[in-house]
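Just below is one structure, and these are the notes that go with it.
A, B and C label the chains in the order they appear, each numbered from 1.
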């Protein structure tokens, strides 16, 4: 007990403590942030759906079926007889459906009498008369609008001459087109998923451009300093002072509108913020002793920027990149919405929203779906970006 | 034999421009007319308070800053106006150890990469296994273990990090190392480890050191000669014992008396000179002798002309008007 | 000697930081007294727990730090059980604290005068005019030239030494009974440090304030303090009057520490004997004595059991197994 300790058994006095590497530590803190994790799941969902969704939906983004246009995700089906259900469409067409809400297709028209205002259909051997003459009779005096009045006041349905109870309807979800169809009978769900592809492509390219041009430009500008820095930053100021919209319109003149133009525009403009951020980081890092040590060793400028300065500014770079993705997606949606984006039949969230604008009163779901998609993605990226900012902030690092 | 390093009238001014329309240029005279030399295998201690230009002197010598004027002669070659490319062979002969063990190592690189960078830049070796052996050898030389090479800096304590910094400097086998306050950020019990190691390296390799510090007791311990700086100027330089036992400049006297001594009896018996006021701004230093505003012996002459270094005894020079040639 | 009235009594204080990696035991079973008018030096390396001890006394611990156990009796009242609101009336009034960095301890957007008046009015029911007079008196006392004009200056117009003087003036403006100074001279230059130490020495003779002076510089301790507490690995290793500690240290750690610093007054070249290794990781502190892995006299028992704090001489305590009654005398002779 009172014997001196054999020093060799104590182990080396120069031990180090094992600790987490930078990225392990970031991941640990990110995991603790619930909002960031929700954001991450949201982004993962969007990416997964964008890649695999269009393959699984069963429709193509450009497949049209005008007979089944403008069908809502939630439909009211009327029982004709037995197992036969029909969907009364807003434009006085009957569409055959199953009890569960699966659409079978447009019905065979026997007679379309425009003067008497009725249409005769044939369903499973039964003659169905769809009489829409009521629409004129029940029209509210002084009102021109057809849309605001209840559909059910406008028609009567006779099956084999018998009037059936038109109020005997069933609310079911559209099983064929889960998010309905647009005005050309295209599946909205497929088109939104396809739009996600375009939006994510734009976001990805914006971030890659950000990373390469912005980081290198800012790195060189900050490290060189003095006159070089001054000139480079004035160029940035010039680019930053020209409105984005102006650049797009100017580019439209040269190149045809479309995805390439948008990507080019975003590529031309989006690295500016990153360049400024990296320049600021580099300016403060280059006076640090590890950079001086590298200079004293004779390490070349390029190597100092790439191996010493940029890796140490990686935190703010990642956060800025993460935040630039939603802003690029948003820009694309906005440009598409005002008609400067992708052209038909390609769909982006912006064009989907724009197309839906015409029928906003009758078919609001067509606008809601792409809007929700944009909002969902925005939230996802912003939650994750905020979480990353907290996780990467070196001031919180112990 | 020529001196290892000779500094002649070195000046480094930093320009600060103020004002937007009418540009006003101000010069911060960080190093103002400093001359000294260092012999092979010798340690010159450079002391002074923060802002006196001692670190700038070190950084200018290794050409991290381009000197405003003056000459830096290393091994008989004037390297003052060498380009970065011409400097490269001299970066192998001259190295630097930094103050902050946390800021001086790139936290995103492994220890092997940090030390290996020096080997790569100067192409000391091109074979991978030889490079690994060299890194392992350097680590053992500074008292670390070779399997530490794959670790990251944050896994080490302050003293161990400083050892890594020393290993990096040693990787190119320099003839001269500038030690820029290498121990001031370390714990008391660790400081001696590093100082002893630096002394041992010097014994083994015959390297010259410029040891910059504000801790006068450690400087005294490690240096053969000592230079005292005040506001960018060298006010006194000489053999260690002469400067410590017989300080000539009033500033040196005050500086030495201000060191707290870890011994209460001699501490209480000590006659401390307490300087009044603060160090003036280096943008607009007092005319003549820079120290005159805080000096109790200052005369009219001190305000008028700049004092120059005068030899007062063998190997002991002082820049003060109190001493006549 | 002044009367032996104890104003602060720390009993079995234990403070830990609960991090994601586990519990960091920053302060382990620390007990000491501070008498009225006494200057006690708390010396130790970084991570020794000296600052955390004082943060615990002031209840200024940040998350995830927590006082686990122990009592801090200030004039007989336990501060540990006090609420944040009750503590606020004590902080800055009866107990003041000065921090290390004079550059960040003052708010840059208010003038020095404003900040001082605010502190005084927070604790004393006085008019603005009276508070102004107190502030002016304090700034004069700490040797700030032209204090009336300086009151209207912003902190950036003060140099480091001047700021530290202003901070001391602010800390003393409510005439606290206890002043905790956390490395107040570490960030300053030697000549400015000499000025501040001189000021503190002068103030302690004028006022009856007790001071806890935290530092890692043994020289500063020797100059200013009456009594010294040496901390290592969150524990008190040695406690003695300043003369006893430097003349005959009784703990291997203190002995090692004193051997590793050069004495600038001795002209011959001394050999520095460093303590090998690095301080312990408080996440996994050694089972036995905190210093055992670096101690040249370590015995088997040192690895297993934490030694007690033995009283080895008059008012001189040391935490080391060599003072255990069963320990062989030969080992003790080797050490001292």
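Throughout what follows, a residue touches a chain if its C-beta (ideal position, glycine included) is under 8 Å from a C-beta of that chain, and two chains touch if they have at least 3 such contacts.
All of these numbers come straight from a predicted model, not from anything done at the bench.
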Q. A-C versus A-B: which has more C-beta pairs touching?
A. A-B
**Q.** Chain whose mean Cα position lies farthest from chain B
**A.** A
(Q) Suppose each chain is reduced to the average of its Cα coordinates; what separation in Å results between chain B and chain C? (A) 32
Q. From the C-alpha centre of chain A to that of chain C, how far is it in Å?
A. 58
Q) Considering chain C alone, which of its residues make contact with at least two other chains? A) 276, 278
Q. For chain A, what residues touch not just one other chain but two or more?
A. 14, 17, 19
**Q.** chain B: positions in contact with at least two other chains
**A.** 157, 160
**Q.** Residues of chain C that touch chain B when the two form their complex
**A.** 45-46, 159-162, 189-195, 197-198, 216-223, 242-243, 246-247, 256-258, 260-265, 267, 269-270, 272-276, 278-279
Q: Under the touch definition given earlier, write down the residues of chain B that touch chain C in their complex.
A: 49-50, 157-160, 187-193, 195-196, 214, 216-218, 220-221, 241, 244-245, 254-268, 272, 274-275, 278-279
Q: Show which residues of chain A lie in contact with chain B when the two form their complex.
A: 12, 14, 16-19, 21-22, 288-290, 292-300, 307-308, 311-312, 314
(Q) Give the list of chain A residues in touch with chain C in this complex. (A) 1-5, 10, 13-15, 17, 19, 28, 398
Q.
Quick check on the complex: what are the chain C residues that touch chain A?
A. 19-21, 276-278, 281, 283, 292-294, 297-303, 326-328, 331
